[in-house]
Amino acid sequence: MTDSTNENDERPIGKTRWELPGGHVPVDSIGPEPEMVSHEQLCLLNAGDEMATLEVTLLYADGHEAGPYPLTVAPRRVRHVRINDLIDPYAPPLGEEYGIVLESNVPVVVQWSRQDTRQTENAALSTIAYGE
Amino acid sequence: MTDSTNENDERPIGKTRWELPGGHVPVDSIGPEPEMVSHEQLCLLNAGDEMATLEVTLLYADGHEAGPYPLTVAPRRVRHVRINDLIDPYAPPLGEEYGIVLESNVPVVVQWSRQDTRQTENAALSTIAYGE
Amino acid sequence: MTDSTNENDERPIGKTRWELPGGHVPVDSIGPEPEMVSHEQLCLLNAGDEMATLEVTLLYADGHEAGPYPLTVAPRRVRHVRINDLIDPYAPPLGEEYGIVLESNVPVVVQWSRQDTRQTENAALSTIAYGE
Amino acid sequence: MTDSTNENDERPIGKTRWELPGGHVPVDSIGPEPEMVSHEQLCLLNAGDEMATLEVTLLYADGHEAGPYPLTVAPRRVRHVRINDLIDPYAPPLGEEYGIVLESNVPVVVQWSRQDTRQTENAALSTIAYGE
């Protein structure tokens, strides 16, 4: 095994700037709460040794912006954040199309997922966000 | 926090050329309109300071092309466009396999999603397009 | 609009080598044929001016290989190919896990999709393949 | 056809470091076992000539880590590994949010998929992981 797979290799992997254009939380849900509630979430992975300090901004179609929402992810941890749990400094509007802009002080990796339970059975989708 | 996460950092993120090979709008739908109608859409995010002027061309299996469809996305805005809402200069054929070629004058980020309600419950899929 | 978005810009976009690790065609289906049959497909987009000549090889868990399957995509066209339509030189085994290796003589963009109708309603997933 | 598509071209394609932030195995399932059991899996493709030796580590929200789990993928093979089949050195906790960090001694390509059968019909999602 080479150095690049050495257990002690702690070089951070990821990017510091991420975007996701396809945000739209389904308003209705069918099924037991909270597990089957329709939602969208950011999945943040900080595999490095430093605390990651992030700012998330939501951009809407009408020019409105929500945030920036400050978030932290401790070293060597994952954190999943539902969009409707972003309430500080204020809750973002729901039921509208939005895009996500995320900036971090250290490299992280960002995945976005939607759970849609508007009809009886659930649909789900997920993609790694666009990072650079 | 470093400069790269400064609130005043307005460097545009994204690419100017995007492609999506897997287009195919399901023709049938089950559920209330317009929310549950089968559709595919482009989700465009312009996080920069300049108006984005885009051209979308649809390429088909038989050599037919539809478009180019002109689109704009204002600075700091998201825009979701359903494929069947592309009607100027003319409506594209539906129910056929197509690929999307998108060019922009400034960097943007592009995501593509399909909602499929041909059977009683909805299926959904989404991916960041291919950009360079 | 800059040169990079000029209508006459015909620089090919994409990559010549693509891989997809997650192949597994569901064997059962529920619903009308052929539309609702479970399947996986490659979606190939050639936005350039030259014929694309591709070779697709399927790699299995037991060391078996299927192919290479020759494919062409004409200039400025899309082509969707179901895995179970790859029959020349011989049909690949179905119902087994496989990975896809695709090589092209010119840049193309590759997306992979699965439609799964093993239970009453359909599930679907899709992702841009890995290209370099 | 150029050298890059020559049948004898065995240059490895892929990356050696991969991450996936959105792990969360659904605990409940509906449908026949083992096919319809809710699960998440890593799909690993080694299209090169050398044995790939990998280490998979799962990072949780509370700072707990599981693994590293050693895996190998033989040359020119695919391997799909369900997360709940990772049992050596010990089974990872299920029903919790986690992220995946994967390191390989040679380039591989990594895809992640979830099958969710908590409600009657199945939902599925998949994405190429983030590699660099």
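Just so it is clear, A, B, C and D label the chains in written order, and each chain counts residues from 1 on its own.
One rule holds in what follows: a contact is a pair of C-beta atoms (placed from the backbone, for glycine too) under 8 Å apart; a residue touches a chain by one contact, two chains touch by 3 or more.
Just so we're clear, the structure is a prediction, and the values are computed from it rather than from any experiment.
The pairing of chain B with chain C is characterised as different-residue: of all residue numbers used at this interface, under half are used by both copies.
If you lay the C-alpha trace of chain A over that of chain D, the rotation comes to 90 degrees, to the nearest 5. For the pair chain A and chain B, the distance between mean C-alpha positions equals 20 Å. Averaging C-alpha coordinates per chain places the centre of chain A 29 Å away from that of chain C.
Taken residue by residue, chain B touches two or more other chains at 120-121, 123-128, whereas all remaining positions touch fewer. Of all residues in chain C, those touching chain D in their complex are 16-17, 19-24, 53-55, 59-63, 65, 68, 97-99, 101, 103-105, 114, 116, 118-121, 123-130, 132.
In the complex of the two chains, the chain A residues touching chain D come out as 1-2, 4-5, 7, 9, 13-14, 31, 35-36, 43-45, 47, 74, 76-80, 109-111, 113, 117, 120-128, 131.
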